[in-house]
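What follows is chain A paired twice: with chain B in the first complex and chain C in the second.
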Partner chain A sequence: MTRSFLARTPSVLIFLAALAVFTLAITLLSEGFGAGLISTSFVKTLGKTLCLCLVALAMDLVWGYAGILSLGHMAFFALGGYMIGMWLMYARTEEIVVTALAQGGLPATPEEVQQGIATQIFGVVGSSELPAIWTFAHSLPLQLTLALSVPGLLALVFGWLAFRARVTGVYLSILTQAMTLALALYLFQNDSGLRGNNGLSGLQNLPGLTDTSQDLVSVWFFWASALALGLGYLALAWVVSGKFGSVIRAIRDDEARVRFLGYPVEAYKLFVFTLTALVATLAGVLYYPQAGIINPAELAPIASIYLAVWVAIGGRGRLYGAVIGAGFVSLLSSLFTSGRLPDIPLGPVSIAWVDWWLVILGFSFVAVTLLAPKGIGGLFDRFLHIGTPDRKGAPLGPDDGSLQEQEAQE
Partner chain B sequence: MTALLEVSGVSVSFDGFRAINNLSFSIGPAELRAIIGPNGAGKTTFMDIITGKTRPDSGTVTFGPRSISLLGLNEARIAREGIGRKFQRPTVFEDQTVEANLILALKAARSPWKVLFWSPKPADLARVRALANEVGLSGHLQRKSGELSHGQKQWLEIAMLLAQEPRLLLVDEPVAGMTPAERAQTTDLLVNLAQDRAVVVVEHDMDFVRRLDCRVTVLHEGAVLAEGSLDHVTRDPQVVSVYLGRG
Partner chain C sequence: MRLTALLAAALFWLAPVPALAEGEAAAIVAANRDQIEKPSRQSIGQVVTALAASGDPMADDILAAWAEKRLVVRKADQALFLATPEGDGFALTALDGTPAGTAAKAELTALKPNAGVRSVISSALVQFTLSDPDPAKRRAALDSIARDTSPETLAPLRASIPTEDDPGLRAQKERLERILALRFDPDSAARVAAIRALGTDTALDTRAALNPLVATTRIAALKAPGGNVARVLVPGRDLTEAEAYDLLVAANLAPARLTAEDQRAALVANIVEGKVGGVPVADLNTEAARDRAYTALEASGAVPVAATDDEAAKVLAAHRFYDVFTEPDPAVTTAATDALAKIDRKVAAMQAVDLGLDALSLAAIYFLAAIGLAITFGVMGVINMAHGEFITIGAYTGYVVQLFVPDYTLSLLVALPLAFAVTFAAGVAMERLVISHLYRRPLETLLATFGISIALQQILKNVFGTQARPLTAPAWLDGALTFNDVVSISYIRIAIFLLALLFLLFFLWLMKRTRLGLEARAVTQNPAMAASMGINPDRIAMLTFGLGSGIAGIAGVAIGLYAKVTSEMGADYIVQSFMTVVVGGVGNVWGTLAGATMIGSLQKLIEFLNPSNTLAAQTYMILFIILFIQFRPRGIIALRGRAAGD
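What follows is the complex of A and B.
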């Protein structure tokens, strides 16, 4: 504990270096800035994957370190997407409406513009009124503030109610899942003010940059995602490296004992829950402009369950494990569900990867849980020979039994 | 001498079973006290009430020179007031090093923000080394505490309690599973500790209690049956009948 932060956690430097090299390589191969060997849509996929890695980091902190299996963190992710999507959609529609009205000769009044935007955006759900929640959608700084504060506040209030009542374990997981589902069902309604099941679309078009090619925009967002992931990794690694990390791991292992040491366990859980919700939100804010579309299905509980699966496969309780898991599984997932892999004909049945991918994922989750509980990240431990030494056998005696059966024979 | 801890008229029942029945108890600021009693006498429930794990149905519990009421405070708050508890089974954080365990217990600010920006000062590390030395773990600071033997875990937990600097120490069966040598060491330690703080020891083992050489409180069916020196209470006909009657 005496050495400096970076000396204690060499994995941070390795991770940041790997991320930098990866970012540079993709930039040099991209269509926007380099040789054009990687398609723009694949750059977007990679950028989105980096955002998923960031939300997996958050999940690892809340689940792998603090032991709170939240099945609601993708709700914060999607809420962030909705918030930034509102601004993107509003500002972009505003441009279109202003251009259209200018055709008439007379400059449009603000009321006409407002009306035009409302009709454009909400015509699809049969409304022409701008709902109250869109009040700040015209301003990027205001909407960005909302994008972080709304999910943050939701996490704070939800966490406060749940942790204060000492809801733990599987009950807490169910509660978080119920929260996600309730939010999704609410957003599915047409009068929720967020276009019901149509969601928000056209988010890849940045306002004011109509003439800029997506080749460039995709790389910009890729950089932003890489930067956010790098900073997020650094920040979370710092949080878990010191005494705070020690306290939350202790809470994970024996909550009651931590209370008897005088630590306000509920305050720690609330802190971690809210902090990770904010990280998830940030990841969502960067993800959805690359995805281009968001709808309430993104909040479905299954999304948060996938998140838990990524972290479990990558390895809980180590930050790089979460990143590896999210990156590896989500890239494989987009490969298998892209429809580009040829089906394997086996006589009467043929294996279609799009359908079979979920089966493969399910089996690998079970396999990891049973055979390698530490996940892919645990392989690093095996190479570095860290972790619990396998001492074999039972202690030889009750007193200071440092020698155990096998050791004594050697 | 005013009492450090004053428990008076406390009762608690679980589903109609009276675990603690109008119990009163007090201990001074520098006193060693042993609590004995047959199984089901309410010893653990008594400790649960003091540490805030169980809320009594009636009665008062006050602590410290300002006589603050412990009822209504949560476990963490009571621990911060200066009450430490040692469980029967050694509970250390097995996945963390001995050093990390001691640093967790070290008396310092407990709120999340302060802990986030806390870093060990030389004095803290010196204290950790001194504590480890005191319980014979100085060579094991960087080992994961899960690798320690049962006895070493007990000692680590005792060192963690010392690091908390409690004013009242509740110890549940400290010598269970210890060798005779370790028992003697524990006896000395507890007697030593009680010179400047209150120590309550719950124990079954009569020989151990005799070696502690302190006032003894006998609990039976949730109430105090007798109190005094060990010789005094063992001569008490009621105590004899309770112990003999139960075999």
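What follows is the complex of A and C.
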């Protein structure tokens, strides 16, 4: 117990080293800083993938460790994206508007600039008023504070309501899914103040850096994403390594028993839920400037379910599993849906990967759930000779934890 | 003198031989030839009345032709004919109805009665058809009057009422008479009486007739206007000050205010050596600086003087604002306002009834979509995320059946059991292959069924394409049961409601009266104890899962009948179905019913309160459900006993 955190969890060092090597390699191969062997769009894809790995880490903590199958974490992710997107769009539009107004002969008044920005941004939904939620959009620090506090508060309030009512298991999953759907439907409206289904766009253009090539910007964001992932991994590994980690794993395995032992189960769950929501938000803040566009479809419940799929395929209950799952599946996904793979001719019909990829994903997901509950991470166990205890034989009764045939005889 | 002669002539022709009406019209025309060729509004009435009363079948043709300027004089012999355009010229018909050859345009002179005369003729024509012996023609005439109301039709309509012997038509005529009277009767008391007599008739045409009576125009004036004032408006309370000022500007009572764009343009136009009114251009980046510059320009006379805020307020204070009825008679407007208020109350009550019907039918749909889910969740504790896809499969089964069976009624009868069979089989297969391996791991079941859902949805999309496929309802399900202009419900929705009712009864029977139901309830309450009693929980789970999926298939056919069939249609209902189950409580048919009723009513109510925005309605509904869970975490009807303890 006296050993240091890093000594107890050697996987953290291995992971950080691998991430550092990967980052260095990509940087050296990128168009912005190195040999130019990797296209800028692929660097962006990799940067986005790192952000997805970060949100998968959060999902793993809340699901794999604490046993809360949240189908709402992509909502926090997208909310973060919206918040940073508001600043990016506002600041960028401001530059354009000020330049345009200066052509008119008089220097612009603040009111005119405000009006110009509002018309520019909201003309598409037939409005020329800047909604109240854009009050802080002019300032990066304020908007960043909002970006973290709004999803954080949402998670806190929602989690408090849900855990207080002792909503658990599939009920909680459905409830988080409902929250996501409610948020998505709300944002789809034109009068939500976030441009309805048009969403926010042009986020890849950083204000004040109009002359900087996207080659450089993409690598910067890649670095930021890698840094965030590394720090996030370190922080979450530290959170789950100590006593706190033991308690939340215990809550996952038998909530009632932990409650009877005197632990405030709801407080632990609420903390984990909110913390992971914040990590997801941070990932979103880094993801959407690289994606360039955000719209309410990003919040659809399906996105959160894919997140669960990544974590399940990668392996729950181990942080590197989540990272591997998210990276592997999302990269595979973008490969198959890119349309670059040739169709498979099958006599009269040909099978397009774009059409059938989701079918493959769906069924392989079922297969992983059925046959390899540990996911890809389970391969490491086999490599390290860690197995599940063999309890021999089928269970005697349908209840949880009933004795197995052999145990009963002993 | 002339009048008496005319009257005498009319009587002479009319009185003796009404039975021998043939040719009578021609004779009347001949007798009043000079009147007809140079008619005046005052005197022509007698001739027209005589013609109308002649009983000659040609009379209305003559009148109609006359009104349409087709009554012509042949120049050669000064004889009168009815002309019908034919090729370059006209086909002629003699006044007694016999064809009389053709003539070129140049050979004829058309009689051109003026507008006043034409209106006399047309009201006579109306009376003609309103007293036609054929009820169908009378009805058609009534309809045409109702479509195109005009003051002239009131008198003939009134005249035709006492002789009307068909009670239905008579009621219709009396109603139309009131609608016309309230607008066109010259006597104010008669109009008020007509409005009162209509009472709380909620039909659209009544409201359409009453609404113009209470139409108002908004005016600004220095003192009270002479008209029928509806109400006095106070700026700041009844209308914003900006609106009030705009009214003043529109009435030329005040100068327009200076807009930011105008000010900017004026300033730009007056830049002199980098300065405007003594203020450097570079400093003009605030409103205050621009106002200063503009005031300086005003002082020098370079720009027109614009109203300042003080001046605007002064002008506003000096004027009064009124809503004035376009209808000048206060008695009529008061009566109409009262009548409309009463009608509005009645319409609101009926809208509530209509909303209730809508909510019921929506609840029926949610019930159908959710009952299968609730049963499987109750018995097995697993949520089937692929439930929505089973709904879709059911709908596509209906579509495929319609491809082979062209008769819609028959195809529906085939599709319902077939959809049940297909989705039952799919459900059992899924239970055997996947879910039975994942018992006691509900979260993983959730995800595994979700994987199946993704795959199934994509397969359906690949097979059937992304565009919507039609699932056509039989003709006898088209249309709606209409109670009045407000309350109506389409037959399809009634059919779905009945289907849901049928399944409610079926499930009650199944769960309470059969062996399978007994065993299912036992497994729901305590699977271990049920197993000890010799019940095979696996078999029960398989059958209930199949049953739940089968009902999803039937729900799919029902939903497909009124919504388009796409590969995503099931996903649209799945969240509502989950909500229904969560709100209602699991493992209980009544719970699902209560949940469906609550979600359906709530959704309709929110949509009614916020009709422009159905997306927001769903948002608010979900928020409500999240709060509802706070108070009843296990749903409206919660299971008691050990099953509730987990």
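Basically, the second predicted complex is superposed on the first by the 387 of 410 C-alpha atoms of A that agree within 3 Å, B and C clash if a C-alpha of one lies under 4 Å from a C-alpha of the other, contacts with A are read in each partner's own complex, and residues count from 1 in each chain.
Operating definition for what follows: a residue touches a chain if its C-beta (ideal position, glycine included) is under 8 Å from a C-beta of that chain, and two chains touch if they have at least 3 such contacts.
Everything quoted here is computed from the prediction, not taken from an experiment.
Engineer: Quick one: classify A:P301 as touching chain B (first), chain C (second), both or neither.
Structural biologist: second
Engineer: Considering only touches as defined above, state whether A:V167 meets chain B (first), chain C (second), both or neither.
Structural biologist: Once the two structures are laid over each other on A, A:V167 reaches chain C alone.
Engineer: On the A-aligned overlay, A:V265 touches which partner chain: chain B = first, chain C = second, or both, or neither?
Structural biologist: In the superposed model, A:V265 contacts chain B only, not chain C.
Engineer: Is A:A250 touching the first partner chain B, the second partner chain C, both, or neither of them?
Structural biologist: First partner only, chain B.
Engineer: Looking at A:A226, would you say it contacts chain B, chain C, both, or neither? Reply first, second, both or neither.
Structural biologist: A:A226: touches no partner chain.
Engineer: Quick check for you: in the superposed arrangement, does A:E112 touch first (chain B), second (chain C), both or neither?
Structural biologist: second
Engineer: Using the superposition described at the top, determine whether chain B or chain C touches more residues of chain A.
Structural biologist: C
Engineer: In the overlay, answer first, second, both or neither for which of chain B and chain C A:G242 touches.
Structural biologist: A:G242 contacts chain B only, not chain C.
Engineer: After superposition on the shared chain, which partner residues are touched by A:I38: those of chain B (first), chain C (second), both, or neither?
Structural biologist: neither
Engineer: Is A:L50 touching the first partner chain B, the second partner chain C, both, or neither of them?
Structural biologist: The answer is neither, since A:L50 touches no partner chain.
Engineer: Looking at chain A, which of its residues have contacts with both chain B and chain C?
Structural biologist: Overlap of chain B and chain C footprints on chain A: residues 398-400, 402.
Engineer: Report the residues of chain A in contact with chain C in the complex, numbered from low to high.
Structural biologist: Contacts found on chain A: 63, 67, 69, 104-112, 158, 161-162, 164-167, 169-171, 173-175, 177-179, 181-183, 185-186, 188-189, 191, 301, 305, 308-309, 312, 355-356, 358-366, 369-370, 373, 397-400, 402.
Engineer: Under the definition above, what is the set of chain B residues touching chain A in their complex?
Structural biologist: 51, 53, 74-77, 79-80, 84-85, 87, 91, 93-96, 99-100, 103-105, 110-112, 115-116, 118-120, 125, 144, 146-147, 149-152, 160, 164, 177-179, 181-182
Engineer: Write out the stretch or stretches of chain A touching chain B in their complex.
Structural biologist: Of all residues in chain A, those touching chain B are 1-2, 239, 242-244, 246-247, 249-250, 253-254, 256-265, 267-268, 271, 388-389, 391, 395, 398-402.
Engineer: Which of the residues in chain C come into contact with chain A in the complex?
Structural biologist: Residues of chain C touching chain A: 260, 264, 267-268, 271, 281-282, 284-287, 290, 377, 381-383, 434, 437-440, 442-444, 446-448, 450-459, 461-462, 527-528, 531, 537, 575, 578-579, 582, 613, 615-616, 618-619, 622-623, 625-627, 629-630, 633.
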